[in-house]
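Before any comments, here is the structure.
Each chain carries a letter (A, B, C, D, E and F) given by its place in the written order, and its residues are counted from 1.
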């Protein structure tokens, strides 16, 4: 099985970090094709950069998606998720959506912990858009952004553990998602310091992508062909097919 | 991997039917230990029978659960799910919960089709208890119960296909769950007659149970030991351990 | 009038405590038939014990319910309430449901205070299942369980009063339910220490049960007869009648 | 016990009709003091007339409320309910609120049937203001207004029965409230034609008012005294007391 | 353009204060006809005074509304808003509703700050009645009432600024409404002390009223004529016309 | 006043149509700077085209936004609205958001009618994202897309009128939004055939944009500067400024 791994920001180093973790988790179960966004922000931390990333993710699918069995959108916040799913012939798994679904299976009220304060309202709205607002106990962010945490993860561990624990003690969460590509692998490190299960969003998404690729998939009706200008040749062609 | 397959009603024939489907789906991925409820209704079709089945499912876990890597509660409606999860050392997957989570990944508004009119309010309340009411387009039931459908599936196919299609045309669902152990395998048969994806609840649950068994599992805090009377020796012992 | 008073846990001492309070409140208005669960936990404090208690309550109704004018399920959390109502020929009043309904009449946002930390999520979900989440200001629990409070109520009074007051000052509740059979009679004792009305769940339920027994009752359609195994002879017979 | 029965419209004939029904239901349990609004619409059928009726109900309480043990606001829609409750020293029962609470105890999803099309949005909003929107299956109105039905009830019976039945078959209600002072007593007449329980709002409110008057009542903090102009002397005096 | 400016309490000084602010904001864009309630509380601070004010607002419209192009109900809490809108031939703008709508355009989660603790539950319920509960971050009140703030605004500035800032830091609001006629003009003064935008409810309402008066207006179906007693001649006449 | 009028699809003819209507509505009140998306679909009718349009709208702002007093995003569905608002120094008005806010002021439950069936789920989700789901009565679409309606509006008039009327009779809407740039001006034509007010989204948005440009504007904290690649020079520069 071959799974397209889209990092919709434009940092090859983040793509490499995520790909390394994903491949370790996947083992022989699937091979991943990592691809970085062609345009947009180095790190996605604002609404504008997320909006652009939605376009970049579509572009990445059109350029590299042929022949894949599934798509893994590996940015916590899932920019462009529903649009990707609309035009893809194969299953599309979003890292944040998959994590929320798994959290719903693991506990009654879940929380999200990530880096970068601007993500708090964006992720709160994302969870609400899934219809899961009633199960969200809290979104807590720590000051360093995902990029900063990835650069120096050890410095962030105790902050992350404290935030996860506060989600339990203050907000009543019984499971916590450690969200973000840049936080890959940290959940296992902080689990001993946190009284409730901590989910690694990269890991949850990887398992979900492999599972989706393995199952038989009955696609919904594709949208009508679109006439467009100014897009990459691949994306224009992809959208131009009914 | 070894997965406890609990059929919480008391019909061995339903257990055998589900086990056959589950084993076909699982292949070599896991071995399943099928167990039938020791007491309760032959078929679960009312609130009273579902309440009793919650107890029967706990009893089945206590009697047969040691050494398993996961529990698959294979009755659409998931009687006793949260109680099982509370006392189990390994992951517990409910057929209806797993189907709803998968449906949320596959479409924006999902519907449930099953047999037996009394299930409609019960399943509507179940979905609401998951916090997913905003994503439920409809619950539609056909007149024959699950037991009657299992006895004569061919007779029900066109009714089921019509109900699934109505969920799309009348209720706006973009994915439909064919719910119930007794309907195992029928989704694939009616898919060609339905314009949106149809999920088989038995199959979705099987995949979810295997996936849960394969992942590392950090258990939530177990509940305190309970003193009890009148329960089976196994259940009393299980609950009596902190 | 004769009202079946079901204590669905298996502690005769709790049944006696509740019966004493109920009979004092009722005076000549009705006579109560107290019955204790035949099997299950001594005290209900977890999801598993509540699930078993749902079965035990059905069993109690089938064994002792003939000839009663109403049923009073006297365990705050109401295990088996909807299943009892489904199979009963007479009105069924749940202690927690009745308390929530009365609280809605008395204030705009109500809170629940009880003993035992595990009840917090269970009662929050119970209120949500009633559709009353928007009117719930808080569920606050104090550390001793209901059983411990019943054994030494004086020690708990100031803790309970403080929790009730915090529901007003911190959570904006304008009425508080003191929930639980084991807390019978304590509401009146702490009322002088609390700035908003405090309802005694045992008392509210008693009045509701008497009122229900006194009114003419048009029963909803009974469920179909169920074939079963392994149940008490009384319950099997009760469920086996259409 | 003495209960103030407020009809907040200005039709003495409606007051007399309701009082007759209420007294029959109450028997010796309580005596009722019927009072008609001093100003406002003959029949309340619009938002403007309901707004004026809120003031008229307060005026009636101030003029006639001294010495009563409870207040029964006998207009389905409960104009001024929360304001009455704020300034009253004794419990206040609203006919619509009491009916909705009773309906929640009797079924899982309730419907309201009444006369006069303009009540539909008003009652839908009223139920939402109670926080009970999730349990409301439908509000159905028939063309004649409450006043017209009271004048010629026999003509309306089959229309009312058809509307109640449609609430079950089309909207999934398992209990129906026949709402409105002018419909007093009709529920029993149409019950044989309707497959689910039909509640008479006048009767439910009467029982609730008697029950409220009989219980010990701990009043919430009264509001501060208000300085006013242009009100009746009684109302000005009542509001002017802290 | 001529806009009726209704102050539904009975304090001419508040009317004058609001009118002065409104006229400064409006400049030449419209002329305002200020009118004070004929009866009711000097200051509206309780549910009873708000209920009476609903009637007073209708009375003011009937007496002074002829020939106006719009109605501006200038009391934060909007007593009688929907009833006014029902019977008015021209657009009706409520100060609180207009402020909430503008706040929704300016931020994702808004808060309200005003004077007088009793307004907190009333405004929370008002926002819920608009269907905007999901966007309300908090209602915070400071101890002095609106009337006291109007009498000595400088003393309240730092309290108001602190409350507005707390709405951002503690409750996550990204825009704050300073609500109440008596707080006219204070938003601009505290804006430099608050990290998120602060809206003046008087100003927002004024702009909304002018905009509504300027646009073409297609009125909804008027309600049927009402027969009434005991109302002012103007109101009786207004309601008596179909 | 100078207002940037962004048409985020790539059809100059749609831009010209909208600009003509907007300028007629605005008269001397403001001058509009119309701009068409540089890349993306000719007509936005799918999730993918809307996602790309969010990027195109940001690009248009960065290229043409300097010196404007407000931004009017003139595509019903408002692609990129929150991202535009995040990075803009001046108010941003979305056509759909402005229409929903106005509809909330005009009626209690509003409906949306537009062209193109795929918009139905997208607009339902959009309204939910505003938190206004409780006030949405229905989204009804007619078969021709916006582009087809613009090409031959007369043919669509009776279909649109029928859909608007059905929103009232079937869905209980008391105000209807005719949504979409391509439907500019049709609301006035169908109003005589529809029993409730019909709002023209282009007109409502124009008034809202002018009003926003005229008011003093206190901007929220701007986001941090972003490092990016592959964007237009203008957009990269705009995002690169703190």
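Note that in this section a residue touches a chain if its C-beta (ideal position, glycine included) is under 8 Å from a C-beta of that chain, and two chains touch if they have at least 3 such contacts.
All figures in this text were calculated on a predicted structure; none of them were measured in a lab.
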Any chains in contact with both chain C and chain E?
A, D
Labels of chains that are neighbours to chain B and to chain C:
A, D
Same residues or different residues where chain A meets chain F? The copies count as same if more than half of the interface numbers are shared.
same
Per the C-alpha means, the centres of chain B and chain D lie apart by a whole-Å value of 45
Roughly how far is chain B from chain E, centre to centre by C-alpha average, rounded to an integer in Å?
53
Please tell me the distance, in whole Å, between the geometric centres of chain C and chain D computed from their C-alpha atoms.
29
Could you check chain C for residues that touch two or more other chains and list them?
82, 108, 125, 128, 133-134, 174
Hey, which chains are touching each other here?
A-B, A-C, A-E, A-F, B-C, B-D, B-F, C-D, C-E, D-E, D-F, E-F
Under the stated contact criterion, what part of chain B meets chain C in this complex?
10, 37-43, 45-52, 54-55, 58, 80, 82-84, 86-87, 118, 125, 128-129, 223-224, 226-231, 239
Residues of chain C touching chain A in the complex:
120-121, 125, 128, 133
Residues of chain F that touch chain E when the two form their complex
82, 93, 97-98, 101, 104-105, 107-108, 130-135, 174-175, 191, 195-198, 207-208, 211-212, 214-215, 218-221
Residue numbers on chain F that touch chain D, as the complex places them:
108-109, 134, 172, 174
